[in-house]
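Chain lettering (A, B, C and D) follows the sequence in which the chains are written, and residue indices restart at 1 in each chain.
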Amino acid sequence: MSHSRTVEIEGHIIDSGTMQRCFGAVMDLGGSFDVEQFDVGTHEEAESYCRMRVSADDEGTLQAILHELHQNGAVLEDPSDVALVAAPDDKVVPPDFYSTTNHPTEVRYDGEWIDVERIEMDCALIVDPDGPDGEPRAYTKVLNAVEEGDLVATDESGIRVNPPERPRGSGGAFGFMQGGVSSERPSESTIREVAAELREVKEAGGNVMVVAGPAVIHSGAGDALADLVEAGYVDSLSAGNGFATHDLERSLYGTSLGMDVETLEHPRKGHKHHIWTISEIIRAGGIEAAVEEGIVTEGVMYQCVRNDVDTVLAGSIRDDGPLPDTVTDAVEAQDAIRDQAHDADIVLMLATLLHSVAVGNCLPSTTKTVCVDINPATVTQLLDRGSAQAVGMVTDIGTFVPTLAEFVLEGDEDAAIAEAGENA
Amino acid sequence: MSHSRTVEIEGHIIDSGTMQRCFGAVMDLGGSFDVEQFDVGTHEEAESYCRMRVSADDEGTLQAILHELHQNGAVLEDPSDVALVAAPDDKVVPPDFYSTTNHPTEVRYDGEWIDVERIEMDCALIVDPDGPDGEPRAYTKVLNAVEEGDLVATDESGIRVNPPERPRGSGGAFGFMQGGVSSERPSESTIREVAAELREVKEAGGNVMVVAGPAVIHSGAGDALADLVEAGYVDSLSAGNGFATHDLERSLYGTSLGMDVETLEHPRKGHKHHIWTISEIIRAGGIEAAVEEGIVTEGVMYQCVRNDVDTVLAGSIRDDGPLPDTVTDAVEAQDAIRDQAHDADIVLMLATLLHSVAVGNCLPSTTKTVCVDINPATVTQLLDRGSAQAVGMVTDIGTFVPTLAEFVLEGDEDAAIAEAGENA
Amino acid sequence: MSHSRTVEIEGHIIDSGTMQRCFGAVMDLGGSFDVEQFDVGTHEEAESYCRMRVSADDEGTLQAILHELHQNGAVLEDPSDVALVAAPDDKVVPPDFYSTTNHPTEVRYDGEWIDVERIEMDCALIVDPDGPDGEPRAYTKVLNAVEEGDLVATDESGIRVNPPERPRGSGGAFGFMQGGVSSERPSESTIREVAAELREVKEAGGNVMVVAGPAVIHSGAGDALADLVEAGYVDSLSAGNGFATHDLERSLYGTSLGMDVETLEHPRKGHKHHIWTISEIIRAGGIEAAVEEGIVTEGVMYQCVRNDVDTVLAGSIRDDGPLPDTVTDAVEAQDAIRDQAHDADIVLMLATLLHSVAVGNCLPSTTKTVCVDINPATVTQLLDRGSAQAVGMVTDIGTFVPTLAEFVLEGDEDAAIAEAGENA
Amino acid sequence: MSHSRTVEIEGHIIDSGTMQRCFGAVMDLGGSFDVEQFDVGTHEEAESYCRMRVSADDEGTLQAILHELHQNGAVLEDPSDVALVAAPDDKVVPPDFYSTTNHPTEVRYDGEWIDVERIEMDCALIVDPDGPDGEPRAYTKVLNAVEEGDLVATDESGIRVNPPERPRGSGGAFGFMQGGVSSERPSESTIREVAAELREVKEAGGNVMVVAGPAVIHSGAGDALADLVEAGYVDSLSAGNGFATHDLERSLYGTSLGMDVETLEHPRKGHKHHIWTISEIIRAGGIEAAVEEGIVTEGVMYQCVRNDVDTVLAGSIRDDGPLPDTVTDAVEAQDAIRDQAHDADIVLMLATLLHSVAVGNCLPSTTKTVCVDINPATVTQLLDRGSAQAVGMVTDIGTFVPTLAEFVLEGDEDAAIAEAGENA
């Protein structure tokens, strides 16, 4: 890596998370670091100091890394004065203007570090060489206050940011915030990454576990999940009596009795089909028997039977019926779920809090998890409890599963085409 | 309509909403009614009585209608005894078993109406002709309690449901619930219906107004919205400074400066591009000028300029900048929005509470509205305030808009193909 | 009732819910009605007509009722012309100005009904006697557009509102909205009403069922619930293994082992106390035995044992342990809950979706229910499924239960004081 | 600090956040540390090593600290073998049993470190000295699987936890989770801490800024906020036209016109009082004039005028009216808010997303903030953007403000009593 610079960081940089963010930024952006000196404060009041050389393959990447380090309080080893450019017009900033953080900031002017006044996020940084008392002053201005000729700071050299440090001692009610990165990412590209991960796990002979709530069926996503099962992308399914009943109901009434699936969803129709579905499965002796007898001919449960998916239906006090396949004892069900969880390499948690928590309780922290729910609180709760590598998406399950299936299965087609090409 | 039956309904059937639900059910299911007698209780304690003949084109539809009326307390004019069938096995109910509501219920046995004990929803209704005191008894049983030989009620004749009536006088803290139909419908089919409505409005020369929040752009749905604008499906756009800036930022940095749009979304990059975008538009003199100068070459705002869409960008105290096109005075902005709202035949409210409320405040109750947001509270709040015909969807805007655009625009293709066929 | 007026209402007034709202308004506001004529449209296209005399004890109440009826489209039998008053200043409306709805509206001027233009909610209604074409015109103006001298409509006479009617036939994706009254009421007064209801139920010898989730304990509301149990306000408790374990853990570690309850809540401490609590209760042979042995000396479970409260702890696949008292089989637990539910006269559902749904499934629609949760979706889901008389509150359970207990128990004190006074 | 132990930690302990959590735990729990050796991995693949001596005033605190360090992978410098105790009964664990994390774990038995199988959270750790192949084995067991005589690990010595480390390079869709501590703390004690903070700020001559939404008034919390203003605990108020109008409406209709405040809240009454309130304030010439004329005699705005609170009412496109005091231009309003924000030492954000974001945009990261909203997403969004010391509470504003006022003002009473005592 031919492009490199040396930066310095000091303060309570370990316990305030500064070093973690700095090292993380270098690695996330594809650079590397070489720590030249690291003096760790030996007790809670002592500050630490780090000097490291940061490298990247190209100057653009290096600049992106340095930007991140700068935001976290790093300064270049040999700071120069700030670079000032006059604003070309009212409300117009020069290219490469410096955009402020909301942290206390200093600017190096004429060899001296001076404090920036009225600190505020996303502003321009103006230096007035000849302030009211004849001394240079620095302050922020929002874009619409910038006037032609204002001396606007550009780049990041000569500017030092001081992110807040963790208060010494216990903080009382006030938590120490580290500005966690929130996840406003394009939904579709995230689903694409999950699809790629699923394919990788299967190609490596791994095990995929799906935990699914009844909303998967209500929202019309059942067919897409059945497709994934049929294509071999699901090794185990953990769900409840409700999920299975709704899925079977679609199969029974969608094809056997000639009813319109759309009408069947109509809530005015009440729960009669639901109860009757359970009654029919009891009469047949269970789901597998019902598949063999040709009573059930499509859907997620059908594909699970056909493809020997390890399926656990756990009972709950909300259940109608239940189906004969449902494990009504909570301890017995938990043990079955535990076995599934310990075998899994990746777990998809689809629109069910109850079952996802039950599975999450048994998972080692090394298993990858994907949590999808329309309710942000559910996603947060699931991400909080455990996996070290997790994706959370707040979205409609009725669009997530079909999109995921599309991306996973078009990968199969691409692979088939590629293989055909190689064989040709 | 050759299939018909006569039913009777009595009680506080107007102020408890019973008649509204009964008339609604007949119409929703495609039947018709002919009121033969209607005695309205002349004061608040007097009950009302309705006898009407209900007709449908086929027996299936008629039965579906009668089922709904039954759930609301209607009985056939000439009730017969309840039809009882012995349960064929433990936990198995006969076909056409009667599934209970949670309302007080009577059953007609041997010419007498007897009360059903232990009323509970979704149960079987059992009649024991020879109860403990030698009298017939009726009670509910959940499916897993049904025993072989139990006499299970089937169909709905001989069964009378008594839905709760509105308490006389003010109800205190306790609201009177009418069992509103909740909306567990397959998402995709609802989007398809909205797409059809959009196409109809445009074909009839109508006006489509879009109200959009910045999440439309963050979630990657900007391209799909731009496609709808380009295809002529948007007559006016009501948004804020943030929406326009994010959209313009994608155009400026996605193509002009050769940056990867994906990277640009990365929150670590901070707000510098955002501020710089505003600065560049100010320098150009506004969005239209920036389009004409070739600075902005794609996106929603670009298509709005190119297609003469009536656009209002309303300012807010959260804004950065703002853009020169943003109307910063709230009263002035409100007046502009008011003009858009009064011209609209259908309004799409996409992931913005602030702007949607502002638009909703000005809308006549006759304008159709579609509200989409990931937050159920936002959707509820918007539906509550006004339109008589509204669709609410709790879903991810990043999948809603692309799916809507696909359905609307594939309609265009279908039409083109059909036209080509006709011309051929 | 000495004050009365006669109004007329016409249109699809039954199936659009108009009559229901009108009758409801009269009763809610304490008036009475006497229907003089009611012609019911005999089929779905025919309109209905109602003429009724509305009475109230005083003119203020009558006016409030007439206002509500007016909003729903009623007009006085003998309409007069609209009363117009000139605006005294720019942006200032006369007292008693008419504030518009968002429904199509007509105004009677010079004996003729004319349409109001630019209909919008919460505006002033202006009549220009001499419009552009020499004819009188009527239109809305927002407050800040009112000019001195504008002729502003006052009162409601001479104004006719036409609320939207339910579309004939099925409405497609677009639901028919009736402008449901949303519940922005002062929280504290609602809690006070619930407290009064609880006291009434108990005074009448009724049965109070409490369904409680673990958040009741986490949020610090356990003591208040224990107080209610001790004072005899709880007849049955339906909860889960988690609720009981958290409650017992507070008792075990708060008093037996001398630990600070506050520290115990600290999440860093992990789940060890939790597991150990279960282990200790197993060792004792169950909760009742642990109370008798003096291991458990306070809390909700302690008071339930001491006061013979019928308690059901239902198991779930999320449970740790479980406690020996927990019913792990879902069907068995459901049957036990069913018995509790059928005995209850009022049910408090406190911060638990799972258990509340299970209880709600078994409840007759005549049982009063109170649902409290921080999540609006939970409250909505519970209110949707069944009770005819229900209160829903979206609030923090940690403040709801203590406030409720305070109001209920201060009622006891008031009663004791009153009784002491009588005896003196 | 007389009690101390030496621990070792190794791995990617800086960039995985391990050291940050370890230093933090020591300080949070009131201990101190002395780093004896710290070798920092000089590049991204090199591991780091830390040896430090941890001290505390008493053994209990030291053990609590060591527990936290252990959970994060620290081991005592001179590890001994694990301490094993036989389970006294089925499902009963020995006191001080070791409760597992979900991270990969090793146990030291007979001088050797062996891997623990079937890792899962909150389990007992069992060592079988004589496994299937004659070698010792270690594995987890859930409580209900523990059998009498099982050798159960106790304490933490001889057990090594290996928390997951941050993956090298960019993690793709999968974020690296650090198991953030979620905040299930008793609500009331948090409010008490905020009250104490408010009192401290005022005693130190600091500045308190309140940002308030209309829900403060709707929920009945207006009186409590007015009390805080009257007692001098509010220096500046940032709100909108809606907040002020609702507050003034209560004053105007609650006292001037003799109406019942409760009735006034009744949503059926519509918006007429709302509009009329605005009209009356316009007629008076503004809020201050209305207070002086005796038109407004109570409420938050009244107290703000009487106590010279710096008040900014920012306009929005949703506003009715607006009031003459409302700053309708967004840029002008932003500038006024900016001045308030820069003067504040602590900011209370009460049930308003729009105004809170506007204020948050201008705040330096060193200002303390308290965010209260019923919507968790709002609280999360506000905490994410900036302050280094922040409290977030998801709760009902209608109970938060009165409880806060009670705690703050009872402090005044306590102080008065104390002072009276001193003077006596």
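Heads up, the rule we're going with is that contacts are C-beta pairs under 8 Å (C-beta built on N, C-alpha and C of every residue); 3 or more make two chains touch, one makes a residue touch a chain.
Source: prediction; values computed, not measured.
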Any chain in contact with chain B as well as chain C: A, D
Interface sides of chain A and chain D: same vs different residues, half threshold: same
More contacts between chains, C-D or B-D: C-D
CA centroid of chain B to CA centroid of chain D, Å: 37
Inter-centroid spacing, chain D versus chain A (mean Cα positions, whole Å): 22
Whole-Å gap between the CA centroids of chain C and chain D: 30
Residue list for chain B, restricted to those that touch at least two other chains: 28, 101, 121-122, 142, 144, 182, 322, 331, 334, 361, 377
Touching residues (chain side chain A, partner chain C) in the complex: 314-319, 322, 326, 328-331, 333-334, 337, 354-355, 357-358, 361, 375, 377
Footprint of chain D on chain A - complex, ascending: 14-17, 19-20, 23-24, 26-30, 32-36, 38, 40-44, 50, 101-104, 118-122, 142, 144, 163-164, 166-177, 179-180, 182-183, 190, 193-194, 197, 331, 334, 338, 342, 361-366, 368, 376-377, 380-381, 383-384, 386-392
Contacting residues of chain B [partner chain A, same complex]: 25, 28, 64, 67-68, 71, 88-89, 91-93, 95, 97, 99, 101, 121-122, 124, 142-144, 181-182, 184-189, 218-220, 262, 265, 267-272, 274-276, 278-279, 282-283, 320-322, 374, 394-396, 398-400, 402-403
